[in-house]
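Below, chain A partners chain B and then partners chain C, in two separate complexes.
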Partner chain A sequence: MADEILRLEGLKVHYPIRSGFWNRVTDNVKAVDGVDLNLKQGETLGLVGESGSGKSTLGKVIVGLEDMTEGDLIYQNEDLNSAAERRRVKYNKDVQMIFQDSLSSLNPRKTIYEIIAEPIRNFDPMDPVDEDKRVRELLDIVGLPQRTVFQYPFQFSGGQRQRIGIARALATNPRLIVADEPVSALDLSVQAQVLNFMKKIQKELGISYLFISHDLGVVRHMTDNIAVMHHGRLVEKGTREDIFENPQHIYTKRLLAAIPSVNVSERAENRARRKQIEQEFDDRFNEFYDGEGMPLPLVQLSETHYAALPKQSEKE
Partner chain B sequence: MRKKLKIKENVGNGGLLKRTMIREFKKDSLARYSLYTLIGILLVVFIGALFIPRASYVDVNIIDQYLAPMTDGHILGTDNGGHDIIAMLLVSARNSLVIALAVTFITFVFGTILGTITAYYGGKVDMIIMRMTDFIMILPVLMIIIVLVTIVPKYNAGTLIILMSAFYWIGTMRLVRSRVLTESQRDYVKASKTSGTSDIKIMFREILPNITSLLIAEATLSFAGNIGLETGLSFLGFGLPAGTPSLGTMINEATNPETMTAMPWTWVPAAIVILIVVLSIIFVGQALRRVADQRQSV
Partner chain C sequence: MVGDDLLNANKVTVSFLIDGEWQTGIYDVDLDIAHGEVLALVGESGSGKSTFATSVIGLHNPNQTKVTGSITLDGKELIDLPDEEQNKIRGEKIGMVFQDPLAALNPLMKIGQQIQEALDIHDVYQKDQYYDRVIELLNDVGIVNPQRTANQYPHELSGGMRQRVIIALAIANDPDLIIADEPTTALDTTIQAQILDVLLEIRDRKDTGILLITHDLGVVAEVADSVAVMYAGQIVEKAPVQELFENPLHPYTRSLLRSNPKAEQADDELYVIPGTVPALSEMDHHKDLFLQRVPWMQDQADEDISDDLVEAKPQHFVRGNAWKTFEFQDEKG
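What follows is the complex of A and B.
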């Protein structure tokens, strides 16, 4: 069993809603509401869910772009809940992020060299010759030609830009990379290229990924373990097989049914099946969600498989 | 090798802004001629004013008072102090422009820094600074400046610059704030944060270079505004002190009905100079604003 590198315990992110004359806090948006997760060295954890389910917020908390309201972030057995603590241990040297929009994540005024060298200069300063060597090595790793080093982001295609983003994330030899929908802005042929490439560097460098996506096909291709998020809570987590072969929660079933199938001859059946699952989701919503529409706590089903199931189905 | 490559590529992008500007000025001939006029006027004024002795615009010479144009070698005539109008124009225009430039510079630097900081940090910092600016905005600024001008002891050009700057940085600040607000939401700022770059560096090395064209346009247009402001104050008699002529004090001759109708040469030239300078700056500024509005990043 590989070592655990990151653990989240009861993580909550609430955004206050202010209203009224005195601008008092009247309510909270519960973007993330009590999430427990752990990540092992070298594994890929997929985080799926519909838009607004809080998966991106969770990713941002992990890289430190967003503050948590409550809970613990434990990185290599160290509690790193505040930004000051994270800065002290140079947390972001080890935990990096790949962004969804490759264009807006690269400063249009900086050359590729400056973009990739930025984390190196901050976390791992070296003399200019070594720095130059390292940047060129990174370009090599992501498969971009050396001559691009002094070009600007707008001179690249989407797939190339995403690789530049990956090169920047790799610059400081991180142990965990949070990939927030890294391929959803790319067309399909380039998606496969970038994904396979991410897998390749994972094998070579032993990086863990937290792979945030709403595209289950991509998740199935990429991940070892999957956590399904809905309304800021996990509704099901387990290995890839647990989730894809044996989904227990109605929301997971619904998400899986939404994967488009290209089999034309079975179109009618597929549609009927999808309809039926939608129907089941609507009918049994009250069983699986509490009075406020929040998912129930997770119940352990097997060694790896957890789901937010109601009490009675546990007995069945 | 690396240095060489860098220079070559800088032409490619540092040049991007430059190229859009050149294209904009090529297309817009009004802006192009305004730019030529402006450069011409600035050169003539700043070089010409160097050759005019102080005595010729400070000493009063009653005998030469109100000479009509083309008499005794005074091509545009003289004013009520017997000063040659052309000499007065050069010195006044220089004074007015220098003051407007100084005010623009101070408000620009102050407004940009404060606007960037307040937008970047947001939250409480933003709340406090914005409430302060709201307060200054509702003040009757012109009246306050006039009152302060009259009560400040040892009043001189420097005081006027400080007084004007103290109230007119709000516009720049609000504009910069609005742009930095949108800019700081973009992912490259987040990427810089996760790369461990400090806030100061992100603000001034990452965000500001991306809004340069807006800043240039804003500085140009506020320069035109400040010329109008200074000449307006001087016209009212609360601008530059006696002994430092301004285009506004020259137009002040027109407050006397007799000189206004019978001796137009005393005030019309100054009015024309203001008109030309301000209009040219505005036309140039509009062209620059169009450059700023184009998405130059892609």
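What follows is the complex of A and C.
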């Protein structure tokens, strides 16, 4: 596949807990605790896990909304560890984000024009005529009518607002978009629209996505590769087939078993299997997690497939 | 498992006073739930599912909302009940589970106190039984250490635990019917599965009827006995769960099922339903409103159709005539 665009090495985000005398740092919340990931040009990488697993924090570190405690962020072979370096290589222009809640992520007092023009003014100032042309072009790309350009966010439906968020993310011609639960607030029919649309612009513009979601059905539909996160670390990563057809870690198995199936005739079996896997997860937790409840280091299983397995099952 | 009728809704119509005019949000809804039955009410946001639930429990604002028709619970009429009687029904006969568990709990009260308060309002249990009942309830919803949880505040609990507490509150006085409005939408998939298990266990043990409101077809397929599909304030299709998934008839049901991402077609484009639900003021409930969103069936969109559903197959009801001829465009030969 194509060139690597982003690599994370040993990324850690720890939040200090202060207490006691002098308000000293007594402990850390390890939101992200040593994650290695890479993303190729034009690829969609799915990042899945339950709430509190650290997946959103990881996304925020990538777009620069959150600082890392330790680790390296390597963008197109350049190690970017300070804000100054990020500015130098136009990283902030190249990497954009789509948020889950389209209403709270759009300024209610700004028109759609101002919302979409803001990143252009930040990164790529142009004269008003060109700017107007560019905003209208973006509205076209996301399929919103031109007459909406001076309306306010509350005048749109959820699906339309999500597209405004996408238009804003596209305004700077980004190379990578971090999409944090972009469709989980949407109805099924609107969700289909937004997902199709994200795939379409990816094909046309060659954008990479880091697609963060807890909905495995959607992730299966959207991604090429998947990383599964639990307790701030990766427990498994591989191609879509590796994860869905051949899951190795008990947590991945448990996530997969919990996806509701639309196959009504098999629901008794599905339920029994899910219960059995939940039981297995509880029984074997100590094998797969260390004394502090943290996942073990990843072990390579095949060219593409990694999982945090205990030592003895490596031989299997 | 499914027994006699528990809830009967008959020709329920709900109108709202908007800008001085009465506009119809729900039109002519018939629904029955039996003891021990899980009925799923599905539809997009704005289709009126939650409005229907609030009219059953009388939580609507009487100055701006008009509910007509009949809703009976074990033969007792619920519409236009006086407040005191309404309060007795809520909690004692009907338990409610809402989507956002944090908003439904009092942040300043310990879990145990909140459940005791629910017991105190109704006279089902004696005062000296309260503590035991609280522990029993927390146990029933699968909380591992009920003594400890009873002594905690809502913010100390995870989302899944809070939703279990909400369910414990809903079943505190052994209601006959539970109305669960998107009970798992805010939760992770693994927690969702556990919460649904809890609801089903309660149903199995107490023969409770459950009205499950959701937009998640996966959840419906996992737990419902029967399904009613709602569009623009009307029921467009009603059938036992397996029949509905294997043999959907109404164009809306078929479109919804088709836009759900499926494992087999992971790389295909998803099916998109064009257009949006019409605004309240534009809803003409004598027509098949979904046909506005089917560009190739415009000839039928203006046709007046009967208010009654047709029994297309035994137990399988569908609205209008469009289902007889509806085809997706790519299926047309």
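Following the convention adopted for this analysis, the second predicted complex is superposed on the first by the 316 of 316 C-alpha atoms of A that agree within 3 Å, B and C clash if a C-alpha of one lies under 4 Å from a C-alpha of the other, contacts with A are read in each partner's own complex, and residues count from 1 in each chain.
Simple rule for what comes next: a contact is a pair of C-beta atoms (placed from the backbone, for glycine too) under 8 Å apart; a residue touches a chain by one contact, two chains touch by 3 or more.
Everything numeric here is computed off the predicted structure, so don't read it as measured data.
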Partners on chain A (chain B, chain C) - clash or fit: fit
First (chain B), second (chain C), both or neither touched by A:Met97: first
Superposition-derived angle with apex at the Cα centre of chain A and sides reaching chain B and chain C, degrees in steps of 10: 80
Which of chain B and chain C A:Gly64 touches, first, second, both or neither: first
Partner chain(s) touched by A:Ser105 [first = chain B, second = chain C, both, neither]: first
First (chain B), second (chain C), both or neither touched by A:Gly217: second
Partner chain(s) touched by A:Arg271 [first = chain B, second = chain C, both, neither]: second
Which superposed partner A:Ser56 touches (first chain B, second chain C, both, neither): neither
Chain B versus chain C as contact partner of A:Gln151, first or second or both or neither: first
Lowest C-alpha to C-alpha distance for chain C against chain B (Å): 14
Set intersection of chain A contacts, chain C complex versus chain B complex: none
Residue ranges of chain B touching chain A (in the complex, touch as defined): 2, 5-6, 8-9, 12-13, 186-188, 190-197, 206, 209-210, 297-298
Residue ranges of chain C in contact with chain A within the complex: 44-45, 158-159, 188-193, 197, 215-219, 221-222, 241-242, 245-246, 255-257, 259-263, 266, 269-273, 276
Chain A to chain B touching residues, read off their complex: 63-65, 87, 90, 92-93, 95-97, 99-101, 103-111, 118-119, 122-123, 132, 149-152, 154, 165, 168
Footprint of chain C on chain A - complex, ascending: 50-52, 157-158, 187-189, 191-193, 195-196, 199, 214-218, 220-221, 240, 244, 254-255, 257-265, 267, 270-271, 274
